[in-house]
Each structure stands twice: as C-alpha cells, then as structure tokens.
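These notes open a run of structures that come right after.
In what follows, chain A forms one complex with chain B and a second complex with chain C.
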Partner chain A sequence: MGISHTLSRILSGLFQKKTARIGIYGPPNAGKTTLANRIAGDWSGTISGTTSEVPHETRRAARSGNITITGSNGKSVTIDIVDTPGVTTRVDYKEFLEYGIEREDAINRAREATEGVAEAMHWLREDIDGVIYMIDATLDPFAQVNIMMIGIIESRKLPVIIAANKIDLPDATPQRIRNAFPQHPVVPVSCLDGTQIESLYEEMVRHFR
Partner chain B sequence: MQGVRIDLISEERLSQMPSMEKIRLILDNVREGTIVILESGLTPDEQSVLIEMTMQEILPDGFSGIEIESYPSKQKNPGVFSRFLKGDESRRLTVIGPANQLKMIRKDRGFISAWISGR
Partner chain C sequence: MPHRCTGCNTLFPDARYLKDGCPVCGCGKFIYEKGKGRKETRAEPDSKPLEPETPRKISDDKNTDVKKEISKDTQESDSLESIRILEPGRYDLNLSRLIESDDRVVRLGSEDSYRLDLHSMIRQKRKK
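This part shows the complex of A and B:
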C-alpha cells in the first residue's frame, strides 16, 4: 500500500464521521444473512454471504462496509453491516451429519461455528454501535437465547431494532414478539420477499446515527 | 450413589463471588455433568462471557455446550422509567446444565419444565 493511500485514509479518518457498526444478531436460521444480502443489494449492489437452511452456514462474521441508507424524509445514515453467526449456547458436530456432511467436515464446521459465536459475543461487548436483532416470527419469542441477548444488548445501552422476520409464512405472529419486547421497536418483515423492508430501513435511519 | 448431581447456590453466596469465579464454577461443574441452580442469575455481562467461554471449551465428542433457562425479567412498561427499574429484577433463578443431558422447555413466562438424563 502506497504512502499517499495510507495518508489519504488517515486524513479521511480524521475528517469523516465514523460510520456506525451495526451488528445483525439472533439465533441460527432467523434470516440474518438474508437481510444482510438484501441491505447490501438494495444500497450498494453487492452480496454479503451465503444463506442456507443448514444451521451455522455463517460461521465467520461478514462485513459490508460504508452502506448509506436514505429514508423517505431524505435523512440518511452510513453504516457498516456485520452479519454474525447465530448465537447459541451449544454446538454439536453430530447435528451437521444429519445434513449429509462428512464427519471431518462437520467437526471443522462445528469448530468454526464456536469460534464465530465467541467472536460475535466479544464484539458485542467491545465493538458494536447498534443492533438489528432478528427473530423468526413463527417461533416462540421467549426462547432463552432471545431473552439473554436482548438483556445483554440493553445492558450495553446499544440502540436496537427487532426484526420480526418471515411474515410471508402463514403461522408468523409478529404481535407475540411485540408483546414479549414492548420496550423496543419491532418491525415485521419478510427478508426473503422484501415485504415491509422499507419500514425497517426507515427505523434504521431513525435509530442508528 | 448413582445419578445426577444438582448444586443449588444461594443468592448470598453468589453475591460474594467475583464474576469470573462464578462463571468458572458453572462451567467446571456443568462439564462434569452437574446441574447448577443459581438462586439469582447472572448479570447480562456475565451471561455474555459465559456464552463466549462455553464456545471456547466445546470439543468434538466431549463437552457440547450448555442448556440454560431462567424466567424472563418482569414485564416492564415501555417508556422513560423502564431504564431506571433495571438491575436486580432481571437476575432471576437460573438453571444451567450440560446440553447433552438437560433439556428444558418453557411452557409460558412463569413455567419451565426440565428433563434430565444420566451420562
């Protein structure tokens, strides 16, 4: 890297407002990577990561930098989006075997998943400025991981938006999520087909700065 | 005697322990197959470190992580005052055990069922 490049980075670092680092957290399979891809696709024309019905497809956090989201009122926010591995308290490589993955590969996946979750938890305490917390609206919002994570996010005083995802499915009940976490904004969305994704962007412009 | 050991730790004892000591006690016991019941639960920061350290200690065909349940914190009214009511009320009775031996299901906000199997 040339000196002029380094210098210009230092200068722009001095004069530009620091971009807020927004972490997408939530249990495995909630749709975090689907959202990260949609945000990147809608606002910067790139793709962030691979989605999968196999849990722990995202084992390393993926970052999409410098995304500017503009709301209907013309205000905008510039953020880095960090797509994290799903938070869990247990990982057993044998569960990957059920998806037809070989033992050695499954053990590697499990190890990467544990490292990724540890890293994501660490960042939440050190390095994240705001959170989009994703919950699958067809599941019980009172799952222990949700209660713990919302408590951790609250104790760090981070701005949080709860995305009640998968409202395209018939048994989605976003209202249960509202009842469970009345102290936070809850946005029902389908990150898969894009339903109400605009409302999520509006909330992001309002809450993250 | 055969069976599953359950350790029950009082609020007083917990309040005298530094965070790291609490987390070590939980992980060391749970890795040995003990169920640990805390009269008052962990702070959010302690929970965060517990998850991080649990991940670091998982091994193939060995320790596969923890099962943990507690009641959700008491329903707060949304609004300005909720932030002043935080703290102890969010630290509720908490049950922690080895993921491969303990399975818990929350029936509703105030009711948790636990199934425990031997090793």
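This part shows the complex of A and C:
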C-alpha cells in the first residue's frame, strides 16, 4: 500500500493543475463582493455573496473554488477566489446607525466586522497566493488603510493587481491610483456594469499563472 | 501609558513618542512599563522626559519572561495590542499586529488594561 500510495501522490502532483488562491482585499464598500460575484458568475455561473451599500456587509471570508479564467491568447489560470471582509483600522457602530440599523444590531455588526478584519488578515498570512486589491476610484487612494495594506502585501511578496473600481461614476479618477501605486499594475474597471472587466481578466491570467 | 526607550533607557510617562522616536537618542523602540510613570503623568501634564535611569539588568527583574515578551513585541511593531476596544461597538485595529499572528492582545479603552486571548495563542503554538 505504501509504494502505490506514494506513487499515486507523485503522479497526482505531476498532473494536477495547481489552483492559486486569490484574495480580494480592500477597504469596506470598494466593491469586493461585486467583483467576486462577477468573476464567479462569468466563469462558473455561481454567486459568491450579497452586496449592500452598508459598509462591512461581508463579515466572513467567502470562497468560490476552482474557477478557470481564460485569456484572449488561450492561456488560462485556475483560481480559488476568496472574498474578504473590508479591511479598516477603525470600526465604529455609529457608522451603521446612519443606515437605519438599530443600536444593538449596529454594535453586534461592528464586533463581527472587527472579527472579519482579523480573519481577513489571517487568510492573507496563511492561505493567499495572490491579491486583487480593490480601491474605489472616486476616493483618495492615499488613505491610511491602502498604504498599510499595499505595504503588507509587498512585504509578504504576494503578486498584486490593483483594481481601480467604480469607473462608471463621473468623479472616478483611476489615474490618481496609478500615480499613487506606480509599482503595481492598476486596472480601471467597473465591477457593477462590467466595463473593462476583460482587461482585469487578462491581467489576472498574466499575473497569477 | 509609560514607555521606556530601549536605546537610552529614558522613561516617558506616556506613548507620545512611539511614532516619531525617542527625543533623547532617536531610537524607535520602546518597552511598555507596567505601573511606572503614572504618577508623573498626572503630576506633569506637559510630560517632559523623565531623567534617564541607570540601566538595569533584565535578570534583576522579577518578571523576566514577561519583559522579554513585551520587548519582542515592541521590536516587531510599535504597539502591543492587536485590537483596542474604545467602547462597545467601537474598535481600533492594528493591522501590522494582526498580520503577524493570530495572537489577540486586546486593550480596553484608554486604561492600561489588556486582555490576552490565551486560546488564540495556544492555537498558534499547536500549529507550529
């Protein structure tokens, strides 16, 4: 049994296609779940999570497995997509009150969001092979959390693509994000209506293979 | 919250120099000193740096292991806690600490009070 088992493991290791685990990171409300849903919908026909205008809607990491993305050159990459909770340096329940959430529920939501950030950081340390970092292109890219997270991702030597999201909005300026992070590929995209989503897929095939 | 500079051993009654470094020697590493400097902080709101004390050998301290751990933590990042609970529902998150390990050191409000999640620390060690 020992020899056949070892042989089987070697053969499966040789012929099994490696699946890269790609984490979608970014601050709350950057469009991470919208992107995860779009990728899963376009390439596997499933939906990953629910979206909302309320920050920290995603409070647990959600994984969509074994998605194969094929580029225009015929090359492909097989990935697991991990949609992570929004990363931030401060969580305040008062933020949720503005959306009509009751105080007690808001406090619970804040606690879950805090646990979610810790979980997202755990995944980044233990289980992630590459990162799509989402930034809302209508906002200042020099936010503390963006600087910190890009620094952390760089220090862990993970390949990263920055998605400058929400270019469907009139005040989106993806060039500001390019200027802020010239060392990384920046892809302007609208995950909501799919504008330039193909460019992101091309970059993923190129970057995460 | 008193902190001692690891470069020149100067004790500061609060954490105001953690970010910019020690004004005496420029060193950026500090050790949290439990139970020291609180009196000075209240007596002198301007909180001038206290006189440097004669360096003590670590082995003189009763809680040698605890101090080693704190020193190690401060070398890795400038603050001890991974999560600070300001009040129920309001949290400050130290991303640099959270990426280092699953160990949870939680600071409560502005008090010098910490809670250690021993379960998270045991889980980490088992994994190793």
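Please note the rule applied: the second predicted complex is superposed on the first by the 192 of 209 C-alpha atoms of A that agree within 3 Å, B and C clash if a C-alpha of one lies under 4 Å from a C-alpha of the other, contacts with A are read in each partner's own complex, and residues count from 1 in each chain.
Here, a contact is a pair of C-beta atoms (placed from the backbone, for glycine too) under 8 Å apart; a residue touches a chain by one contact, two chains touch by 3 or more.
Please read these numbers as outputs of a predicted model, since none were measured by experiment.
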Quick one: chain B and chain C on chain A, clash or fit?
clash
Given the touch rule stated above, what does A:Thr88 touch, chain B (first), chain C (second), both, or neither?
both
Identify the partner contact of A:Gln183: answer first if only chain B is touched, second if only chain C is, both if each is, neither if none is.
first
Is A:Ile152 contacted by the first partner chain B, the second partner chain C, both or neither?
both
After superposition on the shared chain, which partner residues are touched by A:Val160: those of chain B (first), chain C (second), both, or neither?
neither
Once chain A of both complexes is superposed, is A:Val117 in touch with chain B (first), chain C (second), both, or neither?
both
Classify the contacts of A:Leu35 with the two partner chains as first (chain B alone), second (chain C alone), both, or neither.
neither
On chain A, which partner touches more residues: chain B or chain C?
B
State whether A:Asp140 touches chain B only (first), chain C only (second), both chains, or neither.
first
Contact residues of chain A, present in both the chain B and the chain C interface
87-93, 107, 110-111, 114, 117-118, 121-122, 124-125, 148, 152, 156
Given the complex, residues on chain C that touch chain A span 82-83, 88-96, 98-102, 104
Residues on chain A engaged by chain B in the complex (per definition of touch):
87-93, 107, 110-111, 114-115, 117-118, 121-122, 124-125, 140, 142-144, 147-148, 151-152, 154-156, 180, 182-183
For chain A, which residues count as touching chain C in their complex?
87-94, 106-107, 110-111, 114, 117-118, 121-122, 124-125, 145, 148-149, 152, 156
Sites on chain B touched by chain A in the complex
43-45, 47-49, 51-56, 58, 60, 64-70, 72-73, 75-78, 82, 86, 90, 99-100, 104, 106, 109
